[in-house]
Amino acid sequence: MSRAITPQAKAINTGLAWSVALLIAFPILWTVLTSFKPEPQAVASPPIFLGFDWTIQNYIDVQDQRAYFRYFVNSVVISIGSTLLGLIIAIPAAWSMAFVPGARTKDLLMWMLSTKMMPAVGVLVPIYLIFIRLGLLDTRIGLTVVLMLINLPIIIWMLYTYFKEIPADILEAARMDGAGLREEILYVLTPMAVPGIASTVLLNIILAWNESFWTINLTTVNAAPLTAFIAGFSSPQGLFYAKLSAASTMAIAPILIMGWFSQKQLVRGLTFGAVK
Amino acid sequence: ETTITVATVNNGDMIRMQGLMDDFYAKNPDIKVQWVTLEENALRQNVTTDIATGGGQYDVMTIGTYEVPIWGKQGWLVSLNDLPAEYDIDDILPAIRGGLTVDGNLLAAPFYGESSMVMYRTDLMEAAGLTMPEAPTWADIEKAAAAMTDKAKEQYGICLRGKPGWGENMAFLTAMSNSFGARWFDEKWVPQFDQPEWKATLDTYMNLMTNYGPPGASANGFNENLTLFQQGKCGMWIDATVAASFVTDPKTSTVADKVGFALAPDNGLGKRGNWLWAWSLAIPSSSQKQDAAKAFINWATNKDYLALVASKEGWANVPPGTRSSLYANPEYAKVPFAKMTIDSINAADPTAPTVKPVPYVGVQFVAIPEFQGLGTNVGQEFSAALAGQKSVDDALAAAQKLVTDEMTAAGYIQ
Amino acid sequence: MGQITLKAVRKSFGEVHVIPGVDLEIADGEFVVFVGPSGCGKSTLLRLIAGLEDTSAGQIMIDGKDATALPPARRGLAMVFQSYALYPHMTVRKNIAFPLKMAGLSEAEQAKKVDAAAAVLNLTAYLDRRPGQLSGGQRQRVAIGRAIVREPSAFLFDEPLSNLDAALRVTMRQEISELHQTLKTTMIYVTHDQVEAMTMADKIVVLNAGRIEQVGSPLDLYRAPDNLFVAGFIGSPKMNFIEGAEAARHKAHTIGIRPEHIGVGSGNWEGTVLLSEHLGSDSFIKVDVDGIGIINVRAGGELGIHHGNRIRLAPDADKIHRFDQAGKAIR
Amino acid sequence: MGQITLKAVRKSFGEVHVIPGVDLEIADGEFVVFVGPSGCGKSTLLRLIAGLEDTSAGQIMIDGKDATALPPARRGLAMVFQSYALYPHMTVRKNIAFPLKMAGLSEAEQAKKVDAAAAVLNLTAYLDRRPGQLSGGQRQRVAIGRAIVREPSAFLFDEPLSNLDAALRVTMRQEISELHQTLKTTMIYVTHDQVEAMTMADKIVVLNAGRIEQVGSPLDLYRAPDNLFVAGFIGSPKMNFIEGAEAARHKAHTIGIRPEHIGVGSGNWEGTVLLSEHLGSDSFIKVDVDGIGIINVRAGGELGIHHGNRIRLAPDADKIHRFDQAGKAIR
Amino acid sequence: MSTKSSRLAARLMLSPSVVLLLIWMIVPLVLTLWFSFRRYNLMYPDRQGFNDFGNYTRFVMSSDFGLAVLNTLILVGAVLVITVVLGILIALLIERPMWGQGVVRILVISPFFIMPPVAALIWKNMFFNPTNGLFGEAAKYLGLPPFDFLGQAPLASIILIVSWQWLPFATLILLTALQSLSGEELEAAEMDGAPPVSRFFYIILPHLARSITVVVLIQTIFLLGVFGEILVTTQGGPGSASTTLPYLIFKEISLDKDVGTAAAGGVVAVILANIVAIFLMRAVGKNLDA
């Protein structure tokens, strides 16, 4: 039971919170605004906030230069693919850790996480050579597998913390009711963990979408996602702030919008069991 | 139908080419082209890894005059000597062609070539009561820079590269050092940063930049300076000749009609401070589709392509600096910077870049594999000096040490 | 059908011997209640029977067949959990139908059985709700419904009412009793609520530290506890125990007398009232009896007795329990 | 010191008038219990007194001074929360010392007071544990300890025992009563446990929908409830209410008779036993009395009555409560 | 719920992920180890053979190594401190009732969705650029000389960018934790006479300890690898002022094409990361168990 609060206090909170929030989001808002400016106005001094000549020319130019859609499709396929693949492998693992914990479970989890600490640049050449050997270079499947492996520890950890909150009773009840392991996971655990799985999926789509080391180094054309798209823009030639902004906006918009719409689910799952 | 993958750098000419592909497809209906467009460093990183490990992802790579001799020696590139006769290899500018030929084999076809030159604001010079000589000395430059600087109005006498990198500040500084009689190595590959010529080079550079340069210059590369110049914030800018088409384009430049050009400065020692570079198209030996790749290179770098660009985008947008015939064309001669570009290119000699003799080729680089690392590390030191974090002497001493160590480790210095 | 036999069943978790060895016979149709202090192994024993834990040693027979190694689903038992353990993402109908679905029954058969169970349990109106939309008592009924449809040979209940409030507990308790009367299926019921144990059980099994202390009907245990532990555990308020001279007078090491078997007003015990609680219907008084110690007394409605009063008490001689030094009852 | 007066205190949350207006006098040293159905505003009223909520109107006087606008810390009251609200990351010692530390006492003084409180509450052995390592009853004692050390002019308890199991609840209830007897400090205690209310209170305040239905000593409320609400609320098992002909015979709209005031065996009510539960010490029977309806009866120890028997009942005529149409008691 | 069959099932179901991660860890690691003892430069395919510890000495003795390690630690430490401190403050702010809480949350969380190269591009061009960036404009407006962030304070600038990206993560976790704090506990403290500041330090902060642990753990894992932001903004400079360990390794690969030395660097980084990890788990693992 929290205490009732006066309207004045609420107004002050509102003002403060909005200021902070706008400050934090400002770089993004500013980029989006800039993407609608004509180039000269994009670098005008003093900066123009809203009173500029709105245009979508920058987007058209960017699209002309690069077929956005192909990169977009690759991003979608790779991020969703790697997440789903990860889920299929992680759910049984998380089930085991959460419901049949052993003395080593915690260590195992920490070991899994520690695989993420391996510096990617250090193992680039080995992975690259392996990819050549296996013919995985610039394939969606290769990238999907790599991103899955990168994010697998996080997926497992998130699911583990989620599963742990599910009372073991219910799984036992299912067992009493005649469910085998497969039915138990399929009909009882997974549907019950839907909110947790959803937030796991969301977080991992975001991580995969934004992964920009492997995606750039292991792809050329066929599997190149939006990180590669933006890599081609990273040095604007001359007065191209607006175009750069447009390209940036195009690269981040899909995930930003997805994130905004799903932030509740995302937040719920993000706590890694940190909140009891 | 054959699909080839072409890795290109994300500059304007290359992007423009992607927009003109209908012509290629009309002429080569059975070839499809996929583009990989990357920023310069990412491109270099990607294609080098690919070619060195035999990745075979690319059929055509955009590389520079730096890579060609090195890669050529490794046998990584396909000879282009058998391009059709109408391609007219002899039309390619000799300085450029020389840089792209190894053991008599042309290993890359130049897409565009560039040197560097002085771009300056005619209106500001006039206001200062000065005129820029066609072939200025560094003293002329300093005088002009001092006269045009008005920091209160955000007007800086001179903009030069400061961002660290072998292709960024070191391209400029190495070329500049040539005009001061400096060199990277003596004939025995001993580094020369402890010599007075380098000190003179850096002192001049620091003097110009700290007194007349824009703030934050240590992060400025080509693009940053271009933006500054287009905004009218620079009195002078010494950089690639290709910049001329941008600074004179009224669509992006606020000073389009107020730009004059001059040769890169000298110090009366017989070498000017300009460089030579050509973005060129090459075929890795690992490519399975060499015929299609050649067809593409032929299309992208022959005379017809220049005419095509001219017809679609005007003569000012034609990729410059590759063919003598272009400069013989009276239409092209009307382009304001055409003459200065060809003069600058002709003023550079990659095979004898310096006043004193050197064991290497390359004007603004040293064509050895180690140079990317060396150039970048030295560039970091010089950039730190420009940022005021180190003295010139310290930076030079550090450069001398690190280059000596590296060259010793690499076996050049016995 | 539903006859369960435990033969020398043991269970250890690592080094901890939770059940050092239990033998028990449960007849078909019996309502057996397991009681005992917290941590004594009631749940563990139930879960062993259910098959949710492996026995460390011993044998579990169900209807004469060895079920020790059978998985839970194959033992033909149904369990109702303390937390109800309903599937929150399924409607009541689906919850109840789940075991049937797992058994591979057709949709039509499932529906028929679910409807029948819902009718018995008064759940028909809620079949399309989710567990989250039900009250505690309704949830409990769904859990029972899910158990009923399987027509198990025995029901296992682990403190099924402990999450309900007092009033609901009474209602649900009566419903389960009625259900037992209707189905006549074996039920094993774990609780630590005195009232539930006394009112529901045909047979109470008193456990202590994983061992069975006594097995018998509720009133047997109330009237004739085998030992001190059972005497102290069964009955509320707790039996008063007296050692020393007074016990010796009865030729015992310890004697026990229940608070409700002590008369107030006259008698040969005299003492000072330490605490007197008046509930209207009852009064509970705590008396420091001279030479004996503290004695709790439960007396009728409205006694005019207060803190500090001196009163006399008369234990009902017939109702005195005697125990030897080892705590065993002397009969 | 700890005399608290509420004058026309009101509280609304937005549009909802949770407390439409309460006047109440609490004398120094009194043990006052607030009872009432869930959601009736007991907690709200307590929090108003504590200062954790602002009053919408009215005045709260503590020891004769207007405390309506004082912040909680300055009212000199201590509160024990239902969840105990211990600081989980502090040891027991630190928990108890916290208010002292906040008051700026020296370490030595803190230690002295904490040790004293711990001794009173039997917590000395646990002072270095964290709350997570304590049992429910121990936690409750820590919460009380934290309240005691401040030497408040009054204690406020919001259902402090509702998270404990039955046995512990009895013990803790007696401990709190004893504490009250020792400290003689005013205590305001919210509960919905009948037994707690009846046994602990000097004065019970029965709340219903934010209004006071009746204030009085436990036995007053038990013997002479002012209205149907209080009659039904106080006493367990609940009073039987009878309307119709039988009530009319008593010149009332409704009559009430408590289960413990009905004799079994003879009498002029006759009916069929629906349920009989034997606890050993008591029996509860539910009888469908002809022409009257279902009547709950509580009878003595071991009755030989079973489901389906016909029995006669005799309500104790003196103990019949009469109510008019509006539910007010007719005296 | 631990019968023999379920334990067996658990082992079976755990194995795919364990095996996959083992492969993902071991294979590159073994290759890296192998390379780290070999002469292997992409530009000199014919120079082969063992180099003993030559690559290691080359990497560790290089003048930038110490600085890179220091920079990495500063970067990780500073970002952790900034995100946790600001995260707590912002969480405290937006947890309180207000109008438009949903939108505020959406705004605050936004940077988390931005891919690192884009974030770096935005900051570098639109903010840090002393002539065209907004900070430069702001300085001009205030009559100050524009500050060259990436030149004068490169590491701090990168820390700013990275903190901006990770602030939402910290804020969100801490916010959720804050919301789980029982109101009664705070009220108890209020009754006990604790003023707001004491309530923060004695009640709220300890309550957040566990979440802070998780934030530190997760962020450290990601921050140890921060690389794209440096590549886009300062390229490790000026000098080596913003070179971190991963970037140093990257330079070996991308400039010198020296796979052997890069591999040695990778092994060194793995070792250092594991030291950090062990240190972290020790400090933090206890907090996670509860």
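Chains here go by letter, A, B, C, D and E, matching the order in which they are written, and residues are numbered from 1 within each.
As a working rule, a contact is a pair of C-beta atoms (placed from the backbone, for glycine too) under 8 Å apart; a residue touches a chain by one contact, two chains touch by 3 or more.
This is a predicted model, so every value here is computed, not measured.
Enquirer: What chains, if any, are shared contacts of subunit C and subunit E?
Expert: A, D
Enquirer: Which interface, named by its two chains, has the most contact pairs?
Expert: Chains joined by the most C-beta contact pairs: A-E.
Enquirer: Using mean CA coordinates as chain centres, what's the gap between subunit B and subunit D in Å?
Expert: Roughly 89 Å, centre to centre.
Enquirer: Taking each chain's centre as the mean of its CA atoms, how far is subunit D from subunit E in angstrom?
Expert: So the centre of subunit D lies 55 Å away from the centre of subunit E.
Enquirer: From the C-alpha centre of subunit A to that of subunit C, how far is it in Å?
Expert: Between these chains, centre-to-centre, one finds 52 Å.
Enquirer: What is the distance, in whole Å, between the centres of subunit A and subunit E, each centre taken as the mean of its C-alpha atoms?
Expert: Each chain reduced to its C-alpha mean, subunit A and subunit E end up 16 Å apart.
Enquirer: At least two partner chains per residue is the criterion; list those residues in subunit B.
Expert: 45, 49, 53, 154, 227, 231
Enquirer: If I count partner chains per residue in subunit E, which residues reach a count of at least 2?
Expert: Residues 1-2, 132, 184, 187, 253, 290 of subunit E touch two or more partner chains.
Enquirer: Hunt down the residues of subunit C that sit against at least two other chains at once, touch-wise.
Expert: 52, 71
Enquirer: Flag every residue of subunit C that touches subunit E in the complex, lowest number first.
Expert: 51-54, 71
Enquirer: With touch defined as at the start, can you tell me which subunit E residues reach subunit B in the complex?
Expert: 41-45, 58, 63, 128-132, 136, 145-152, 231, 234-241, 251-258
Enquirer: Across the complex, what residues on subunit B touch subunit E?
Expert: 41, 44-45, 48-49, 52-53, 70, 74, 154, 162-166, 214-219, 224, 227-228, 231, 233, 369-370, 372-373, 376-377, 379-381, 383-384, 386-390, 398, 401-402, 409
Enquirer: Okay, in this complex, where on subunit C does subunit A touch?
Expert: Those residues of subunit C that touch subunit A are 50, 52, 71-73, 77-79, 81-83, 85-90, 98-99, 102-103, 146, 150.
Enquirer: For the complex, give me every residue of subunit A touching subunit C.
Expert: 167, 169-170, 172-180, 183, 187-188, 191-192, 194
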